[in-house]
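Two complexes are shown next, each including chain A; its partner changes from chain B in the first to chain C in the second.
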Partner chain A sequence: MSESLLVVLPLVAVLTIAAAAFDAVLAASAAGSPGPWRAWDSPLREAARQLVRQRRSTLASDRLLRRTGVLVLPVAAVLAAAVLPLGGSRAASDMSVGIVWFNAMEVAVWAGVWLAGWGVNSAYSLVGGYRMIAQGLAYELPHMFALITVGVGAESLRFSDVVTAQHDLWFAVQMPVAFLVYLLSALAMAFWGPLSSPVGADLAGGAAAELSGADRLVFSAGRYAMLAVAAAAAVPLFLGGGAGPLLPAWLWALLKTLAVLAALVWTARRLPVLRMDRFMTFAWTALIPATLLQLLVTGLIAL
Partner chain B sequence: MLQDAAFWILALAAVGTGTMVFIVDSMARATFALLASFLCVGTALLLIDLHYLGILVVLMMIMEMLVMAVFMLMYMMNPAGLMPMTMVHNNRAALGISAGVFALLTAGIFTVHWPRREGAPPPDPTRALGQALMGPKMLVMMVIGLAILATMIASVVLATNRGRYDLAEPAPTPDAPTQPAEAHAAHDHAAHTHTAQAQDVQGEHQAHVHDAHAHDTQPQGTHTPEAHDHADHAGRGHEAHGASGQGHGAHDHGGHEGHGGQGGAG
Partner chain C sequence: MGLRARLLRYAARRPRPLVVAVPGFTAVRLAAEADLRRRGWRPALSPAEADLLVVCGHPGPDLAGAIDTVWAQMPNPRARADLHTPSDVPSALDAASAHLADEPAQIEDAASRESWTPEESMDHSAMNHGEMDHGDMDHAAMGHGDMSQGHEGHEAMNHEPAGHEAMNHEATGHAHMNHGPQTADEGHEGHEGHEGHEGHEGHEGHAAMEGEPSGHEAMDHAAMGHGGHGGHGGGHEHHMMGAPHGLAMADRAPDRDGLKLDVLHVPFGPVLADWPAGLKVTFTLQGDLVQAAEVETLDADAGDEHFWDDTNVVAARLDALARLLAVAGWTGQAAQARVLRDEALKDGRVEPSRLAKFVRRTRRSRTLRWMLQDVRLGETNAWTRVSDWLDELGGETRPRTPVPPLGEMLVGLDVAAARLLVAALDPETERTVAEHV
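After this line comes the complex of A and B, so read on.
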């Protein structure tokens, strides 16, 4: 526990809004509207609109499970952020197995999406929820190997030790395959961009199809928050944390986080949505061997 | 003091949510009640500083319960667990067994000689756990673990067929023996009442024969009545003329008249 505990929540909120705002600007730019930067506040307007809107209800929906699923997303994002070191200062909880904790919280998102999709008792939402589990089973093994590679490289599962271990060489350089796999998993854990088929347009919104009002607001905010936290975790894991010349550590960490976040948000406008069975084949036949080889190389270096 | 309170709250919550598994009327609620119970157990492990084990329980249980959700879709008589259903079966015997197991475990708790604590907890329980589990066999364990993982992945990859839109080659034709050309030539095509071209008729006829072969091998499938008639007809033909596939020309093809339109679909 440290003073970071107070900072985590507002920080995640700011990054979430930043991600949503950047996405809105990109959307306005793609639509060709003049002055796309003026669209930055449209997520906030949308949030206000959803807040005052009455919920649409479906027949025989499981309200408890639906609300639990929707709430899991932002809660998991904030809890995952609690173990991330914020530049120079300590994490809110710098626990000895922070990487495992981060992994557990990110897996909770699968449960959230499935519950939200199942709970509303609607076919499209149900399919969307199951797509999230299929996606999870596809990306999780390569993702875990990427995280284990980091743990082996740092010889610790503590985030602050990971940052210290990158004093000489960033892990993004030392283990590039793990870094790329992590970026792909970051998209998958926020079901964003090429991996957004759980809420895909081909399912009329998938798991989020029937969510409205405050439910939809919390669900989308949780999704952006997860994307932001995944980007923020890439900094201590692979990009040397707050290391950098001239500027203070916290500013470097923030700049790196925003850069990764912008790249992740941008992919949604540039890459097609992957079909889940194809991604599964790719993940299991290409990514798992690649990450295992990366683990082997890193293990040999660590020895 | 605070730890004791936390332990008792977690213990009661674990038992309570565990009981809920059998009370709720939906597979999804039962699954997540069980998950809540496991999460309480995982958190209780954190109280005794077994951080790695506790968080691993949380991580693995979330994943396991979600895999259970997949199985719910695949194997339940209740599609996707969407319908209400009872979570208990065979109540009387189950009650007896569970009472017996409870009595046995309780007796064990009260009769066993619990050891006193010796020494202090290690500074890094995760490392101590790894040493206790694997010790000097670390390398062997890691290699075996990797081999098991590779086997699992390979078997899953080999066992998975692609979706129906993903076939690399066009749809496979049934591997029934193709008819010799002269047998076709001997057909009494006049018996067919099609106005289609001769080639089309031949193609359709071939489809019929393939179809009949398929039906021959699985006589009790769930076919439509027409399909059964067709299979019977083909079966009689084979009995009369042997399995060589020759001599089909002698068939009375009058029976095909009604099938003309369905031949392609066979």
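After this line comes the complex of A and C, so read on.
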């Protein structure tokens, strides 16, 4: 426990709003609306809109499952953030199995999306839920191998040890394949951009299609929060944590996080969504062997 | 001014519109899309997400019924803009935004909605357990209101068999079928004993509530197909009467992997983002796999306008590409296609360098090709279709190769591929007799 405990929640909230605002500005800019920067407050208007909105429910929907699923997203994001070291200061909970904890929280998101998609009793949402599970099956193994590679390189599963181990060389350089796979799974755990098929436009919003009011607000805030936390985790895992010249460690960590987050948000506009049957083949035939090779190389170096 | 009124006003300056395309009113849709872009109002994907319904044209009776169902699915605050000519667009959208900010009007609208009646006022003996034979998707499709007050008590509500003896199939019966799951189970036992509901006089009530029976043609957010059973000829046994919430359980059938999976009947369209105007495809789904597809086209009332002709080929191709790219999830490129399309329509030409850049970037996308090239369109595939469109943007002409009927091509695909196929086929729905469907 440390003072970071107080900082985690506001920090996740600020990053969440920043991600949503940047996305809104990019959307306005792509649509050619005059003065795209003025769209920065779209997330706030959206929040206001959902706060005064009726909750919608479908016939025979399972209210408990729906609300649980929706709530899982922001909760998992904050709990995942709790193990991240914030630049120079210690994590809110710098546990010895921090990487495993982080991974567990990210998998909880699958359950959240599946419950929300299934609980509303709508075929569109149900198919969105199916896609989340398929996506999980596709990305989770390469993702775990990437995280294990980090653990092997640092000889620890504690985030602060991982940062220390990158004193000489960032893991992004030492294990580039693991870094790229991690970035891909960062998109997948927030079902964002090319991996957003669970809430795809072709399903009228998929797992989120039936949500309105507070449900939709919590669901989409949780999704942006997960994206922000996934970006923040890339910094201690691969980008040397708060290491950097001149500026204080916390500022370096923040700047790196914002850079990764901006890249992830921007990706969404630049790539088509991957169809799950195609991505599954790619993940199992290309990503898994690649990450295993990376693990082997890192293991040999560590020996 | 209270907090709620402030929030309403703040939010109403940037609503999320759900745009409904009506066949034969392409000019209205294009004007509406351009104006929405100018205002920075991001289109919504579903009725639950939208607070503004933008109807572009005069729908015919079937399509109007579907639109009304979608309207009934939208939670308050909500506003509706019925556009009839391109010149209507700015004033109608201004009025809709003002209506969204009008707190008394929204409260009145919310209070007057039957499907949003708070559950507490309801008589549960009225719960209708019988309509599964009707196959009426609507029951499910409508967003039976779960207003936050008052439903908690209902979860505990027991459906004693006695309550059902009074089974009163009145119109009101239907707005309140939204109970917790446990209620359904408890209710279940009680219903097994019910027999002789064949008559169901009470059902007129449902029709009345939902407007046209065709209301279920809307984009049905709903109901894992429970309702769709009417479609298979009502072969349901009466023991189904006890099904939760009066919905028939989905049928099961072996799928291609030999698993027994639920069979769901799910309509796509006619109210669906980036979907051909007036098209409705009812998929028979197992999991997300299409086992059968029934295609129909819902007409406009007065629209026989042929908007696309030889003079605006570039804009026509950009419009089709924008839909396809949006379905493929490439949002940035879809937005770019729309910007160029509107420019082509307004000025009669697009700056060649920007068009060339768009064509180059689309053609070079390996990801897009990877996602499209296994979507078969008869002899060709979705990617060659895109390539042809891109060639036509450069001034070449490509003949349209004949393709099998849409309904046949869709069978065996998953939903993602099916949507890409429809977008790549881009069936002509403007004419009364559509050529591909």
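Following the convention adopted for this analysis, the second predicted complex is superposed on the first by the 303 of 303 C-alpha atoms of A that agree within 3 Å, B and C clash if a C-alpha of one lies under 4 Å from a C-alpha of the other, contacts with A are read in each partner's own complex, and residues count from 1 in each chain.
Everything below uses one rule, namely that a residue touches a chain if its C-beta (ideal position, glycine included) is under 8 Å from a C-beta of that chain, and two chains touch if they have at least 3 such contacts.
Just so it is clear, the structure is predicted and the values come from calculations on it, not from any experiment.
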{"item": "Chain B or chain C, by number of chain A residues touched", "value": "C"}
{"item": "Partner chain in contact with A:L59 - chain B first, chain C second, else both or neither", "value": "second"}
{"item": "First, second, both or neither for A:A209, with chain B first and chain C second", "value": "second"}
{"item": "Chain B versus chain C as contact partner of A:N103, first or second or both or neither", "value": "first"}
{"item": "Partner chain in contact with A:P10 - chain B first, chain C second, else both or neither", "value": "neither"}
{"item": "A:D277 touches, of chain B and chain C: first, second, both or neither?", "value": "both"}
{"item": "Touching partner for A:P245 - first (chain B), second (chain C), both, neither", "value": "neither"}
{"item": "Chain B/chain C common contact set on chain A", "value": "62, 64, 121, 126, 130, 277"}
{"item": "Of chain A, residues touching chain C in the complex", "value": "24, 26-28, 30-34, 36, 38-39, 42, 44-46, 48-49, 51-64, 121-127, 130-131, 194, 196-197, 200-205, 208-213, 216, 268-278"}
{"item": "Contact footprint of chain A on chain B as seen in their complex", "value": "26, 28-29, 32, 35, 51-52, 55-56, 58-59, 62-63, 65-67, 69-70, 73, 80-82, 124, 126, 146, 153, 156-157, 162-163, 166"}
{"item": "Of chain C, residues touching chain A in the complex", "value": "4, 7-8, 10-11, 13-16, 37-40, 42, 45-46, 48-49, 51, 73, 75-77, 110, 116, 139-140, 142-148, 151, 155, 177-181, 184, 219-226, 244-245, 247, 264, 266, 272-274, 285, 287-288, 325-332, 335-336, 338-339, 365, 367-368, 370-371, 374, 414-417, 419-420"}
{"item": "Interfacial residue positions of chain A with respect to chain B in the complex", "value": "62, 64-65, 68, 95-97, 100-101, 103-104, 107-108, 110-111, 114-115, 118-119, 121, 126, 130, 133-134, 136-137, 140-141, 157, 277, 281, 284-285, 288, 292"}
